[in-house]
Each structure stands twice: as structure tokens, then as C-alpha cells.
């Protein structure tokens, strides 16, 4: 809680808009739900703009069901990532209106219609990067951002990218998904004036070191507008691009 | 050159607005200046919004002087990074109106007054991260972006950050500069709804591995809005934040 | 055997309290049981306060049964870690009064009632860290230490930790279990005056490098009261915390 | 600020012990001093038991002087680590009653007499580990903890350690400082029932990898009572040992 | 498209050999086939001499079938690498004249008879390197290059290599396939005057680090004529050797 | 072939003891058997004292059978390492007098009675190191060296090793097999005057990095008589120890 | 010495063209010069086409002078790499007709006029890669190969490379010198049909890891015609390209 | 102290050969000299055959002088390694009969004439490996072992090694010193029947990683008789070879 909010609360007390027990409650509110082995952050949407997203790996189906239930109760939409086929069955059993994407391994429940704002182009270096690109796309779709896909334009056939420049230039942000040497974000970055979010993938073998080669390549990109997320980090790549794109099309001018 | 531009050029020829030699010239324009050991990208500003920025490490003073001269000739402003004190003297000798910042190690020549657009908050974990934070700030200043500095609010004294929340929440983008365990971007990210650009620094010793520990920490951040640049990558951290901030406050709605 | 003990033995001989063959026996006592491929350290409890704990990985069920039998014969309690479900069945078949915890993968046989001394709080960054946290808790329970669990208070929702500060402040030692960027121990450390034992976990993917990122983050913690154990080292994290907590509540003032 | 403290403050307001502006002040107190590029944590002593310790590397003499001045003003004692000879001269010039230890590279100003509580034994594997061991000792001395030094008892001459067992067994905690293969903490751990804080050093060459070999060895220690800090982390090794030792000899039984 | 080609096109327009729409078409030709998640580079053969080779890992059988179909439609031969047995069945079902090599894991469809040009000798250090060597051989065979195999002449039995020197000396290029310490390329390189392409393999255990040891050894080769490809990179090793060998026996003197 | 041997051959020719075709045959003898994908080094025993030992990993049963057959034909004994249970069945089917050891994963066929010479003591740090220790023992047994096993005397129970000193001191060479921190070879080395061959194992988890921690520890051993082999390198550890031990008990004084 | 050569020698003896002492001399010729701490390989030119090249790092000026003298005595040309300015002075003092290139750090003495054969294009990603590119060029010049330089066409300004395609397409081999992300060889490879030798450089900072990032990127190149040499391996990059280029323009068809 | 020795002492007491205070003294003898920051192991020679060798790095001249004095007092010879020129001056000032070798950086004082026993051949791959090879040679000389040097026979000129085979075959043990790819020990190992001690050096650049490449190559050697020591570990390489060689020529047959 920031300085301004605390001052406002004490003012409210001084002005009789709050009782002392209201004040105590406000100052010590947990903003979260205690689900036993999980403390769900119900205040996330207020602070960060979107509800807490669920990382399903290492969580049991029972835990996932408890979390989804708690989010829906507080009227928040649901996005879970890295959901195995088996866990998706438990979730779809309980929530048949949910949407499971088997390539992206995401599970979603949208709450009411969302306004669509902002445009993101998602680029893959090769066909094998598809699962991560789909995770990016599902995330953006859940956030209410329009996406354009440009597939398989890796650097060994450089004309393929040039042919698609128009799709790159009208984006608010671009997500580039690439394994092996991870060179594509630099090339894309050199053609555009928007931020490029580079998502290294574990596609490759031998000295690709499970994606480390692509990650290092992207971190050392000589293009000034390239930032990087974790290997196979499709969710985060999409999330940050979506944040940039949505905020560009809707903001109060700060005072 | 994208599809649209090529089509436009051939149309211009068909319509008599261009001769065939104009067309050849346009299609084969180098967009760059040949300076011997350097091929300066003079077209960068058109494509990417800002002129090519000069990485001074490993370049001689002579080469730097040639590049600066060429940029000014084509009426582009100058930013050079990682400029040693010795090289700065050669540059200031030739361009006394330039600005050298010894902590940031940047050299700048601004061209005419720039409109200031967008707000970025720059946060450091500790006082030793100062040089990189100053490189961030100089970059943003050169781009025409307003900056707010929040210094030394590392996680071991967590109340220090909370005290400054208001400065974080009104930014278009936040740059967090941190060495050692690199935990600060995650904390900042959990408090705000704008993108957080994490800049790991080489501050630390032993298992900090020259900044690798901070880099890995930031890549694995559990906050969804954190992206990462290279270790000690102050320029890029500032550049991307500036791009996000400026574009948020000035854009044509894409058709 | 220390200087003092040797001198005492020779004195006892001089004073007729020992025969020479008693002395030889005492000086050359093995303090261990020869079980073929295992040399069980039966003297561990005397030297270190607790019996030898059994690392079950890479040991056959037959070897485990021999070790458990030998410990019980010498009236020592049993704790085995990293016990697979399959091996647990062999152990429970022979010792039905044993306790197997399938999440923690521990097998225990307690000997008589133990006095409970000291308080340790165990904190997890996320729900996926649960198995290691349960190994910590089982270890502390076996040692006779009271535990309080605080689950899923990772740094992206920083208010969740603040809400639980009271549980942290009354502990003799705190064990923090965290994967990904491993930032939580630093935050906890900044709030308390007791030692914090950081246990990195292999939760995460890509650049988490199987827990290396969390480990490095914790080693570089800017909080002065944080020490670290091996990745997924729940047993050791619990053991050291338990040692600190129990010794705090029971000690002779050294002369 | 924990739940209990917030509740107490609101109660105090309700009971007239505080005015609303007192309450606002208390809730929004920074607990820190703004020194420009530094935000000094003046509340650290209250939360963690000791004042903030200053990491001098990467800080200018001017910054260090500002910090020392601010600590003394608020009546807190001073410990700065990794202080170069050159910076020590600036500090001693301003504070002639300070104490600089050139081997440990520490600078201290103690405030009034401190009660001495607790006993820590500091063990080195070799003579080359001396500078780090001296940093440990200075830290403990500043904290008011009694220290015993046991030097150069590395494992290649195992009888040297056995000869000193009595010094190990009467400690509240032991700090073992070792480079190369870092085996000594395991041996020490096998002889005692108190916690062993292992401090890897960068002593060695080739495959010691600047201390990584010793660090990994200590993290994989088969002794259950060994925890680890950063390479060359003498300050932290001493600090945690001191915390354990002092708290063992002085504590209120928690309610 | 190079300068010369663009100029030629505009000349053709000026001379009436092209219409403006022909020109636009030529300048904006994609040179590729859009297969949904794949953008097949149909222009590769013109630029690089051979059709695009298909990396089958991470691609579904459906995607592979689409790619093979598209290549054949444009009358290009097919080579796919890292094809699992299961995927080979789908491919052979649709294209019974294809050739699947289970050790090399390659699938090929040759188009018409190919002239055979150039000679490459393929050398293995040990029998366990066979699968990669077979991938080399299949690639060369597809390219129309004559191969000689020299098996299992690792350095621990140095006379075995000397016995085969004649086979080495008459090659246009040599591919050496070796795991473990990867020393063989240096020895081969010291005996011949042609380029040696070193292919490290993941054969080995422990400190071979999945082929990293062999890779590093080859990169540090003291023989001046040794170049390196990725670990287990049989395809690329063969391809580059084949390029060198074929071009040596057929080239127009460049103007 | 050394200088002396070549000179002797030409002398023999000059003296009529050889014909020119004998000479050519001797100078160009392959000393190996061509088995298709394998070139078996039949000259190894003459040069190095023992026949070529077969590394079974990555070789098919068919290849192994061909190699074993070829060795027996030339009257050489057989040792194959890393033989899976499945391959052992093929080998035992063809050679029922062979000996397969399932823990060591070795397959042997001894040729006639061997004189036993030399004594090696094999020490393990823990019970989980048993498979590698058994590979050491089988290798030594095949070489005709007497072995003594000392099991599970890791450093956390240091008295266990001291109790066995007599077994260490009468060896010609000692092999120490240890995972985790790999500290045991240093301790053993400090007690004896013979060479200590350290075999790191992959026993451990987390920061043991698959045996890298133990390997680095052993390479940095402060004991002067410790040398190291690859992780899990039981065969080589045994082979070198056996070479040292046998040669100590049987040698012509070199002229 | 290969089989064919040995047979020829014995035939010569049989036919009276050699005496037995001639034969012994031929079979035991050292092919090298013993210079005390150096064994110079005088036979290298016969086997490999060029004399031994001297790696000057770690050699004293005295040793270098001995080596240069010995090469000249046997009428071989001289190339030394990594020659410091100080050592160059000693060499130029003794051999004033030598040529020292301070950027490339090479020292050469050419013997008589060399026929120039083959064409290599050398490409740099950035101006800071110049020293390594000059080492490439000097090596090629010494070998008698024509070179074309294309400077500073890194991927962030992709039009710069396209502008120079004609220079790439007429080469027999291309050497690409690049640091940072090392992406340029892949782009170049996608445009041409000749082999591309990628030379990673240590240009960069932070996560460039002294050139490891560029090296990994190049090893994982998705272009099929890219091979790699050591970081900063300008000599080897030039040497292999020169070998390919010269052999393409001059060869006997092997029988 | 082993079992046998303890029993003997108690027997001696029982038989009146010792008093009880003699016994206490014998059982608690430190076997070392307390020099303040150093505990010198004076018992090393009895246990291990040679006095403690001094690692001079990180020790002051004062400490070194104390250690040398103490060794000489107890009539033990002196070997110090990694002695800088500056420290050598202090040592030679005090002990003018000492011998300092500036290339090997060793300081020695021999005590009386030593019998020379055993033969070791020391091989270098290149001239730059000379300093480490000289450290090997000085160590062996101090131990009283005869050495033969074979210089600069790296694998790129393989005939150079073959020419020296006779020198290799008459050794009791061989030390091979090599940097870069570290391939030479494997080749040497394939020619001989004695143990080969491989010493990797830090000679090389780029991907040699300061000697790691050579180290890994040697650990993965396919020759069965190769063992490895630390990078630049000339002392240990010589020490172990000397131990093997001396013990081969002088031993009581163990009972």
C-alpha cells in the first residue's frame, strides 16, 4: 500500500468516513485467499491489471480446482499455463465452459466479453517453435489483444521475413519465438520501431544446451529494441507484449 | 524494404513520378555511409525511430570522430556509450558542445530541442548500481523522456520500496537496475501494472559470477511483467523503456 | 576422540578404573556397525546429537532393512529420506509402526516420546515447493521441534508475506523454500533477527537450470542473516534449523 | 510492519494516545535516511538486531563518509566491509577513533561498551584463507561475540584437526573457512553438534574456478549440520554465526 | 536480391522485356510456399545450390507430409533428418519410393539421376559414433558425392589411423566423427592438406558433458585445417564437406 | 613402431633374416582386425600390457559378439564394461563360460590362470557408490590383482576411516570412490604414501551436478598424492591402480 | 608415412635405388628440427601444403628467433600470430625484411613470389571485430589468396549486407567475423552456395561471456553451410578458407 | 594413528616400556608445529614419505620464512611452489644455499645427498607449456627421481612423438603436459604400458576456457592408463609420477 493510500485512509477516519475497526481492517486486509497449501493473490488484478495467472506444473488437480474455484468466486477470469492433458480433463470436467489448448497447454475461463485493444505480431523462426508461439497467442487472446501470426521465417531464408514486413510494422509490440541460434529477434528489431520481446525456445540439440544458446544470443542482440524472457517463456512474452499494446491504446494522462 | 514500399515505387514509375534510374537508385540505395572500417546505418532513424547509437568499446578515437561527423552531416543526433575518459577528450576537443557524463560513460550531441514525452522511473537496488542507472538516465534524456530516480531500495530493507510506491505507479515503464541476487524487479513488478525492464549488473562477488546470478534471477522472475536485458546493459534498458513510454503518448491509431 | 577424552582414559588406567585391555578397547572402538556394504555410524548421536540419517537413494531395500534393524537394535530412532514408494512398502512390511510420508518421501520410526523444544517457521514461495517443505517439516518433527507453515507467499504478491510477519518473528529459526528466482529468503531476512536457512528448489524451467538460478540468488542475498543448503535439500534445511532452535532452548553455559 | 503493530497503532489512536497525524506519520515513516544516491536503512537494527552493514565496494569515499555520518547521528555503530586502503584513509581522516583492519579490509566504529555473549570458533583450512577468516573475526568482534581461532588444519594433515577438537566442541557455532576442495566443513561437522557455517574461499587455481569448487563441495556436504554462504563471504559467515551464538545466550521464551 | 539483379530487372523494364506488373511481381516474389505453420523456402536451391533440408524433430507427421509434397511439386529432391521410426512410417506410406535409413534417421527422395562429383572420406573414432557417421554419409549420397568410410581408428590405437592414410590423402574433404575427448580431428588434420570437418558426438559419460568435451577439444585443435560443427551435427558436417568437394570439381571461374 | 624396432628390422633384412616382402609386411602390418564398423586393436596387449577393453555402450549385441569372437580367436582375454542386462544375455548365450556382474555391469572371459600380483585397496564413501566400486574390483580381478574392499567410510563419520588405516597402508595403490562433495580421497591421501586414484561418482543431487562437484573437489585436493579419472570411471580407476600395483611387483630394471 | 610410401621405399631398396642405411634413414627421419624447448615440424609443408605457423603467445623472443631462423634455413616462409609489439621489435631487428601488422598482431616473412589463387570475402559484423578480421586477411595474403573486405554489416541494419551481396556471391569461401550474438554467419549463409567459416569474437560484455554467446550461436546456425572455429580464431578462419579457395583453383584429379 | 600402532603403545605400557605419561604424550602428540597462522604438518614425511610441500601463493614472505625455518629445524628438506620472484629474494636472502627456479617458480633446499631411484619422462605438447613442465621436473629432482624431457611433440605433427618412442617406453611413469585440446596424453597412453599422468595447462585462448577444454579432454581420454590432475598442476603431476617411480624400485614386499 502506497503513501497516498494510507494517508487517504487516515483522512477518511478523521472525516468520519471510516470507523477505527474499518481502518484496522483496511490496513491489515490480506488481499488473498488462504487455500491451505496456496495463498491466492486476489488483489493482483487491482495492482497489476490482470488476475493472478496459475503455473500448473507441480500442482495437483485438486489444488488447481481449488484455485480456479476461488478466482471465479471473486469474479476473476482464469488462465493456467503448462497444464498437462490429464489435468485438463479434471478441469474441463468441473468447468465445461473452460477452453483447453493442447498445443499451448493452456486452460482458460473468460469472464464476460472483453474489449479488444492493441495489436501484437507473433513471429516464429521455425515450425518447431509452434507450441510456445501458441502459448503466446492464447495469453494475448485472454488479455483481449489482437494477434497476427507470422510463421517460420528464420534467418537462413532471409527473404521470407522481408516479405512480411508490413505485418511487423503495424504492431504495437512484436513477440519473436526462436530456438537454435536465436538470431531472428535482432533482424526483426532492425526493421521496426516498436519493442521486440524475444522468447528463446529449447528447440535444437547439442550446443543449443536446451535453449541457453538462443537465450544468450538474444541477450547480446545488437538491436536496441530487443528484450528477453526465460527459455520457453511463452506466457511472459505474450503478457508483456499485451501490457504494452493495451496500455498504448488506453490510458489516462498521468497528472 | 516492405512489399508496400516496393509497390509504391513501381506505381510512381508507372505514373511518371519516377524515372527508371530514380527507381534503380531507390531500390538499390545503400541507406548507409561507407567510412572505411565502418558502415554507418543512416536509415536507422527512419526504420526504428532513433539514429544508430555508437558502441565505443573497441573503436579508436579516429573511428569515433568519423562516425560522429557523419551523423551530424546527415543531421542526426549522437549518442555514444562506453566512452572512456580518454576518448571523451578527443570527442570534446572536436565537438565542444557535446556532453560527456563520466559516471555513465556516455557522450551526446543533441540536435535542436526535442519534445519531451512519456515518464520512466529508474530504480536501483544499491548505491553501487549507480553507473548503470546513470547510463539508463542519459539514454532516456537523449530520447526526450522524463525520468524519476529511486535509489538504493534493495530487498533487505523492504519498507524503503513501499515508501516510494507512488513514484513507481505513475510511470509508463520502469527500469530496475540490480546486482547480487537481482530480486528487486520481481518485487517492483508485483506492485505495478506497467512493464518492468530488469537490468542485471555485475555488482557482487564470488557466486554472483559477474552478474550471471542477477541475470538468472531476473529471467526466472515470478512477476509476469518483467523482461530482461544484458548484464550492465543500461543503454538498452533505457532505450526500450523510452520506446514504450514515448509511443504510449504519441501514436496514430493503426488502420 | 579429543585430547581431553584420551587423557581421561589414561588417567582411568593409572587409577585402576580401567585395565589395559579396556584401554585398548576404548581407544580402538569402531563406534560403528559393519553391515557388509555399509558401515553404520552408531556413534553419531553421541558426537552430533542425533542418529545417522539414512539417504535412501541408490540403496536397495535389503540394505535399508539392514540399516533400520541395526539402528533399532542400538536403540536409536530412524529417519530415512528420498524413500521411493516401492521401498517404503518393504520398510512398512517389516516395521508397521513406521511412518511414511509420500509427499516428503520420508520414513521414520520414533523411539519413545521426545520432549518438544524450539520453534521453526517454514515458508514456501509457491505451492510447487510443497514436497521439499514437507521434507523440512518431517525432519523437524522427528527432531522434536515445533513447526509453523506459511505457504505460497512469493514476492510477486508481496502483501501476502507482510500479512504473516507475526508468524515469522516468533521463530527461533526460519526455513524458506523457494524455486525460480529464489528471492524470498532475502525479503524474509530483511524482516527478522533470527537466522534464515534458504532451501533452493528445482521448481521452474529453462534458465532456472534445475534450481541453479535459485541457488545463486540465495548465495548472493543482500540480507546478512541468510545461509544456504543444496538444491532440494529439505532434510538439511530442517536439520540445521532444528539444531539452532533446540540448542537455543536447552544448553549448559560453557565453562 | 506486522499485523500486531498496525492494530496497536489504531488502538492507540482510539485510546487517544495518538493523534491522526501521529498515526499517519507512524504508518508512513520511511525508517530510512535519504542521502542522495543512498537510502540508508535506519530501521534495520530494530528489525534485525544490528545496524545496516556497509558494503564499500563500488561506493566512493564521499558516499561512505555520508553513510558513516548518518549512522553515527542516529547513534548506531558502524561496520563497513571490503574497504580499500585508500578509502580507509579518508574514513580514518574523518573518524580517527575508527578501526581499520588491513587484512580483513574492515572499518569499524563501536558505540559504547557492548556486552559479550556467545562463543564462536573460526577454523581455516590453510594459511592463505587468513584474510577471509579475519573478516569473520572482525564481524564477530563488532557484534560482541567471543572468538577462538584454529588455523591451518586442512584435511591432508587430519591429525591437526583432531588435536583441536576441544576448541570445536565448546562453541555455540563454528565458521569454517576453506578454499580448494572445501572438504574441511564436512569433517568438522562430523565431530560436533552445533551448526557449522561453511565459507568457501577463492584460494586455489585452475579447476578451483575462483572458489566454485569449494562452494559446490560444501553444498554437497554429507554432514547434516553444514550450511553455506557466498565465496569469500567472510562477513556473512561471521554474522550468522554471531546471531546464532548471541541468541543462544539471551532470549525471552516466546509466548 | 543483390544489386546486380535489381538493376537487371529495371533494365528489362526499360527495354520492354518486363511490364510494370512483372517488375512488381519479381521484386515482391515470396520465393516460398505458405503451408500454414511452415513457410517453405523454395528459392533455397537457387541461392545455395541445394533444396531446403527438413529438420523433422518437433514437427508432426502431417507437417512433414505437407513439406515433402510441396518440395516434390516444385520438382526439388527431399532430405529430412532426425526422422523417428514412427514418422518414417507415415512418410513411407505416402511416398513408397522414399528411402529411410534407421541408423542415420534420415528420409530421402531423390529426383532423377544425379551426377556424382567429389570425394569425401568419413572417419569415426569409435563404433559408437556410427549413427552420426551414417547421417554424414546419407547426406553426401543425397548430394551426389562419393564417400569412403574409415571406422574406429581412435587415438588409443594410433597405428590404426596410419594404416589408412592413403584413404585420407585422396579426399577433397574429410569428416571426422568423434566423441569422448574428440582428439581424432587434430591427428587427421596433421596428416593431410584438405579441410577437416570435425563433428563432435555425445558419445561418452560423466565429464564428456553430452559432447561438450569433444566440442571444446575440436575448437581448440592445434591443427590449422580443422573446423567444427554442432554436437551430433552429422547433417551439417556432411553438407559442408559435400559443398567443398562438389565445388572443387565443377566451377565456372567467377568474372 | 619406435626407432629401435625399425632399425632392427632393416638389420634383419641386411643379415638375411628377413626378405624384402617380410620387411614390407612387418612395416605395414595393421595390428588390428577389420570387423566392419569396428577396427579391433589386436596389438594393444603388446604395447600396453593388456588387451583392448570393450566399451559396450552404444554398440549392438551383434557388434559385441563379433569383437569378443575376434579377441578369443587371437587368444586374448575379454573385459567389456557398461554391459546392459539385455546385452549380457546375448553374450552369455554365445559364451556360457563368461562372467557377467550385474552390479558392476561388466562381462569377462578370462584366458587360462593368471598370476596374481600386487595389492589394491578400494574404498567407498557411501553405500550408493557400490556399483562403481564393483566395476573397479572386477577390473582388478581381471588384471590379476588382489583387492581389499573398505566400504562406507565417508567423512561425516571420520572415525570409520581411521579404524581401517591398516588396510590402507599395506596397499600398492588405493582407489577411492566417492560422490557428493568428493572429500574422501584427500583424507585418505593424507594418511598414506602410495598413489590414490580418485573416482568421482554421480551420487548426489542438486548442486552435485551429476558428479561435477565431486570431480572438482578431487581435482583441487590438497593432498599431493591424489590423481583423478572421469565421473563414474570405475574401469579406468581400477585399470591404473592395477597397472601401478602389478608393475611394482614385477619389472626388469631398465638399462 | 602411409602404406604406399613404405612399400615404395622397400621397392627402391630391392631395386638398388637405396642402400639399407638409406632405408633406415628414410624410415626413421625425424622430419623436424630440435631447437631445445621446441621441436619444429619441418615436414608440415609436405604433408599439409603450408609450413608450420608459429603461435607466439607464451614463447620468448629468443625462442621465436630460433624458430624463424630454422624455418628460413630450410627455405620455408614464416607466419607468426599473436605477436606482441615488444616481440615484433626483436624479430624486426633480426629480420628487417619481415612484415609486422600491429592490428592483426602477425609477423610474416614471405619467400619469393607466390602465385595468387582463389578468392575469399571477409565480412565483419562491427568495427570492433577489426583486429580479428585483419588476422584473417594477413593469413590469406601469406597463403597467396585474393581477399575482399566487407565491413560492419551486422544484422541490426540488414540492408547493409544485402547491398554487398555481389561481393559475397563471387567468393570461393567466406569468412564471417562477429561477436555479440554472432548471428551474421547464418544470414550470410542463407544467401550463398559456398562454405561460410564463422569466427566468433570476444567483442561484447556481460552475457557475451567472452565470446561464448557468439560461438554457441554460430554452432547452432540454421544455415547448412556454416562451420565454426575458436573464439578470436582469425588465423584458423583464414587458413581453412584459404585452403578451400586455393584447392578449388588447382588440383590434380585424384586417381 | 592406526589400530596396530595404538595396540603397540598400550602393550608397551603393559610391558613397562612406557610410563602412563609417555602414553598420554604419544596418544596426544600434535605432530605439528604451531606457527601462529600456520600449523605445519611435521608428521607428513612419516605418513606420506615426503615432507609437507609449501604452496606459496597467498602467503607472506614472513610466513614462508617461518615455515622454512621450522622444516629445517626438524631436519626436513624444503620445496615451495608458486613462489614469486619477490618472495624468492626474501628466501634466498635468508637461505643463500636454496635454489630458486624462475621458470618453474619453485624454491628448494635439499638436505644431504639423496639416493636417485626411478625414471620419469616428461612430455610437452608445445613450447608454451614449458613453465609447468619445469615445475614437474624440479619436483621430481627434489624427490630424487631421474627425468628425461621430450619437448613440443603435439599431435598436429604426429611423427615427432613416434620419433621419441624409445624415451617413453623405458619410463616408470610418464607426465604429459598439454594445453589447448589436451589430446597428447591419449596418444602417449596408446603407446606404452606405464601410467600416464596428464597435466592440463591454461595455454590457449577463447574456448580453451583457461584450461578447462584440456582438462575435459584428458578426463575423457579413451586410453585406459591416463589419470589427470588440476590445470597447471605441475607439482602434483610430478609428485605422483615420482611416488610411482620410486616405489617401483624400492619396496618391502608387504606381509
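Order as written gives the chain letters A, B, C, D, E, F, G and H; numbering starts at 1 within each chain.
Keep in mind that, in the parts below, a residue touches a chain if its C-beta (ideal position, glycine included) is under 8 Å from a C-beta of that chain, and two chains touch if they have at least 3 such contacts.
All values reported here derive from a predicted model rather than from experimental measurement.
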Subject >> Contacts common to chain D and chain H (chain labels) >> reply: C, F
Original post:
More C-beta pairs touching across which pair, A-C or A-B?
Top reply: A-B
Original post:
Which chain is most remote from chain B in terms of Cα centres?
Top reply: F
Original post:
Taking each chain's centre as its mean C-alpha position, how far apart are chain D and chain E in Å?
Top reply: 59
Original post:
Using CA atom averages as chain centres, what separation in Å is found between chain B and chain D?
Top reply: 39
Original post:
Roughly how many whole angstrom separate the Cα centroids of chain F and chain H?
Top reply: 24
Original post:
What whole-Å value do you get for the distance between chain C and chain E if each is reduced to the mean of its CA atoms?
Top reply: 55
Subject >> Sites on chain B at which at least two other chains make contact >> reply: 1, 3, 28, 126, 156-157, 163, 189-191, 206-208, 212, 215, 219-220, 224, 230, 233
**OP:** All pairs of touching chains, please: list them by chain label.
**Re:** A-B, A-C, A-D, A-E, A-G, B-C, B-D, B-E, B-G, C-D, C-F, C-H, D-F, D-H, E-F, E-G, E-H, F-G, F-H, G-H
Original post:
For chain H, which residues count as touching chain G in their complex?
Top reply: 124, 126-128, 130, 151-153, 156-157, 159-160, 163, 203, 205-208
Original post:
Can you name the residues of chain G that touch chain A in the complex?
Top reply: 125-126, 154-158, 180-183, 186-187, 189-191, 204, 206-209, 212-214, 216-224
**OP:** Give every residue of chain G touching chain E within the complex, in rising order.
**Re:** 1-4, 47-50, 53, 119, 162-163, 165-166, 169-170, 172, 189-195, 197, 215, 219-220, 224-230, 233, 235-236, 239-240, 243-244, 247-249, 251, 253-255
Original post:
Taking the complex as given, what residues does chain D use to touch chain B?
Top reply: 1, 28, 30-32, 36-41, 43-44, 52, 55, 57-59, 63, 82, 200, 202, 210-212, 215, 230-233
**OP:** State the interface residues of chain G toward chain F in the complex, per the touch definition above.
**Re:** 3, 6-7, 10, 13-14, 20, 23-24, 27-28
